[in-house]
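Sharing a structure with you now.
Should a chain be cited, it is by its letter among A, B, C and D, assigned in written order, with residues numbered from 1 in that chain.
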């Protein structure tokens, strides 16, 4: 469901989807204090609290913001949060949500249905937001009337007392999980601001929030300290101070006791953390895909040439060499071991002769330079694995040029399209998102042209209500994908949570750290 | 004509002899020759291709099997460091050559013609010179994009000023000399006077600037590549090997991945600088142990120079 | 001069094939295409290019630097945030390296072949051969990782309030930058001192029976300072540009890391403003050089010469 | 030739040898230079550029360049009743420094470069005074201003605050003289003090120096290549050629009755001592050999019209031709005269 183009780039920054919760050792023992560092493009310290409407999931979002619902660790099941409950009509097209009463913003004002309605309408007015919400909210009746140039509101959202009624054009089975990631912002603070540029508003320096924590100290470029929000209606959080920093060296900071919590997928960091006895770790099976977008014009226009990539590169050796057990080689959007996996799809297998034969069959043009591209500021591990891929393609007789893009990768990927193979990452809610990419008019369709087959299947998948139906559609999608090979899947990548053994009260099951879910942050304590 | 040739030959012979008698030039040339040989025969010396992947041997420290250890993919660092010299030296030499070309042409023109042209070029050179070089390079890279040729072009465009100033200075003093006056009297064309007659007399500073620029560009390539903006990573240059050090874990635990490439740069640049110092001594007697000579002149010869 | 530079900077950046709107809002993050058009209008990107240039000039002159494409932040805000960090780093290194270079250079020049002379010659030769970020990496490895005496990077950690709290963070980056600057500076000072020592007035001073330390301090030092100060003034643009590599190694939230981020993301408004400011500082620096010269050398002060 | 230490001698150089280390070896700049300078006398050291006259001056006060050293010989300086061996003192030691400036004053040739451009001239003169006497800055100032006035520097109070570049060459030389004499030294060594000045100023400065010597009873050593000056001011003359003193005597002895072929040539090259006061000693035939060339015997042999084989066989000693008049030549007969040349090869 979510595009993570930007965060893949950000991932590169030092070992970092490093939401590092840490505590100065002296303080941790006495004050029960922790800190959160957010990843910033450009390096060097914490720049701001990012709008959760662009990406949610950092510790600061967990601690400060609230949605109507709170997701479980699997991100699909939800529990009440700002809302006490919800109900779908029989046809799945009308949703009624009841807001809890008595919840207050950190400035003392009540959280009302107006905040919810204003937030949902405003999402369609900002310039930049996450497609998860846009895609869901575009299914609301009247959404097409709302944009940054007018002041209209969606006719499909009505309120009566504490009840909000949302009318959908068609059923959307991910609507509730999407709402669980959509943070409600205070209308009374933001209504008069420039909504188009909400993500750079001064609000983020000291936001009025409804969650258990609020901003205590904001030392821009350095760190943010969160302190308990005394207007929070739930239990007082046990940790009295959360410091958010950007760690310049996770392992060293962890070793020296300056760091209590972080998550990463950098293989060298994970390897080095093995020797840090004061930390426990939890590897997470998250849907983080790495794959190559193959430009279907040019040398790889023939599907046989694309197929050759499955055999000409020794994926089963490269991926473990770099990522060890963290990386899992995949052949499609549905990995082995996942429900609805189609075992009949042939596995990647290094077979240079077969690759050469396929290339010959495809009358591959060896005279053209194969341009391999990746995001700038990619992780060191990504650069290494892609350099190796480039090397193996050269061994097949191709001329290869591997470079990170300067400038915005999304523009390069979908608008400029000056590449043959481009590395992409996708952190997905569910496998549906992997397939939804094929028929996204803003992205793949620009590269591939209209994809009605994928579009039809994706729309059916979105509305599917039974497991059987879902399975059937996924099988069809997997077959279709193998037929076209527009994406060459490389591997899934586990995220690892590292947490100091001094911290207790943490969840038994961690969720994807790129999303907000119930991680019991109020019951964490440090000793 | 014949005589001229002989003269040139004997000048060349004297130059080589002097160079070989200059200790710093000899040390420098030795270092450079050894490193170039190592770069050329990298595979033979290391016994393995720089790109050979062997995941089982990955992340190993220096040992008898791998004198400089291995990287994450099990590639032999010795082989990579030695062959990394090829492209680094190539970039340094070609960029320095181009920068010198630009500097020489501009310097000769500005120095000979003087006046407005000179003032404009001088201004530009001042500006480019004071602008922090790395930032200038970064701006150019962001405009031109990455790639080995772009790096060379960028270096040439941002590094011509030293040569320019030296050549311009020489031209200023040479253009009033008798032989140039004679040329003018003969009615030779300006380009002919500039490039055929005066230029050969300014070769010493050009040669010295050439070597110094090589050193500067090799270091600049390392910095640029370290930032991930230099030569494409698929080409193993010393700078590209250093990108490994962007990962703090590598800085901490796999020191051999960045110490050896950096040492190679330092040693090679040291060699180039030694040669540069040596060349300066040999080509320009005025610089030769400036202090001792000057004192001796002041003390003993006094106004001897005026007498002649 | 300033206008030429500004025009160059502006139009060069417009050669870029990247649509600023796309860079600000990736297509798959756009809520609505109408919103993007609105943004384009608000940012004045639909105006004629000459008008855009004039607007930009006017804005720059009034301190309104526009927005970063990458983060959407106001550039003036970014500068206000990053500039002090860079100033702190570069100024400390500048002052420290100057003091060290002058002291060492003075002793080196005064006693040729002495310890100070040998040390400074080695520093001068080796120092310029070693890339400065490598010095940083070595210091980092030794002092932050091996013995864990000093922090691995960043400027201010939580709980650090006063300057002295965060002083340890400053040590390694300043040390790196100082060592890197020292090589050239020391060579320069040493040569300048040697030149001055050769001048006749030193002999005059000695002929008065003035002790050697006084000769050095009162006569040689002051007259050696000129060229060194000029060199230093030309380093002033560093105060704006930061030391990119050192800031990168130590995760220093300064202008250097900002430029890197801007360049890797083709964030033209930021690149333009920073280059523009550097160009201005260069112009100021050349004025400053004249002023310094006149302070150190009374001949210039009186506008005469002889 | 007298070599005994004499109380009447203020300075006695005994076989002083000075060597310079240069890149390609060692240069023997001064060879067995012996000079005895009576207290209160005015000695001129003359010779072509490069003959070692300036080195002699620098050797006396131990201000040779770093690569030069006194390899042998003694420099005896009598201070009241005491005789100090200057060459045995530490170069920058206290004893040597107490003599420099206070007992021996130095005047240099290039006044612009010899004055510190960054300091006010008054301060530069006072520095010497403050170094050697325990007086206050104000007192020093008064005395400097007083001396300035005495030396004919107009408006001395205002000039005290001026910088060297604001002075004319002649005024700067007066400042140099002030530096050299402010501490009332017994001996003043002036190294080509007037070379850079024009003729009228030269005369003024020379008169000033001569007056100083007469009135204060100081000893002066004037190093010059201008023969015209010699006759005006000197009472003793030493002629140097390539590191050796070739002739020494009173001004009458040497100028009116030169014995050494080189001195003769020098005198001949000055057609009329009074006609042109600004004639340099540059018209002697032939080139001065480089001090790097090792020669045996007489250094002038190569240019000498009286040369015979014996001239280049062994080192030539000084011989006395009349009391106080020494010449280094073996071609002199028992009367101390040179033989008459046949064939007119001579300049005579």
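One rule holds for everything that comes next: a residue touches a chain if its C-beta (ideal position, glycine included) is under 8 Å from a C-beta of that chain, and two chains touch if they have at least 3 such contacts.
For clarity, every value in this text was computed on a predicted model and none was experimentally measured.
Among the chains in view, C has its Cα centre nearest the centre of the complete protein Cα set. Across the structure, the highest number of inter-chain C-beta contacts is found for A-C. Most remote from chain C, judged by the distance between CA-atom centroids, is D. Separating the CA-averaged centres of chain B and chain D is a span of 51 Å.
Chain A and chain C have Cα centroids separated by 38 Å. With centres defined as mean CA coordinates, chain B is found 47 Å away from chain A.
With touch defined as above, residues shared between interfaces to two or more other chains in chain D number as follows: 66. Residue positions of chain A touching 2 or more other chains, listed in rising order: 14, 248-249, 252, 376-377, 404, 406-407.
Counting partner chains per residue, chain B shows two or more touched chains at residues 141-142, 228-229, 246, 248, 251-252, 295. Considering their complex, residues 14-15, 248-252, 266-269, 271-272, 317-318, 320-322, 376-377, 380-381, 383-384, 386-388, 390-391, 400-404, 406-407 of chain A touch chain B. Touching chain A in their complex are the following residues of chain B: 51, 53, 55, 58-59, 71-74, 141-142, 145-147, 228-229, 232-234, 243-244, 246-254.
For chain C in complex with chain D, the residues that touch the partner chain are 112, 199-201, 203-212, 218-219, 222-223, 296-299, 302, 304-306.
Residue ranges on chain B touching chain C, taken from their complex, read 123, 126-127, 130-132, 134-135, 138-139, 141-143, 215, 219, 222-223, 226-229, 242, 245-246, 248, 251-252, 255, 258-259, 262, 265-267, 269-270, 273, 291, 294-295.
Of all residues in chain C, only 16-19, 22-32, 34-39, 42, 67, 69-74, 81-82, 85, 144-145, 148, 152-159, 247-248, 250-254, 257-258, 260-266 touch chain A in the complex they form.
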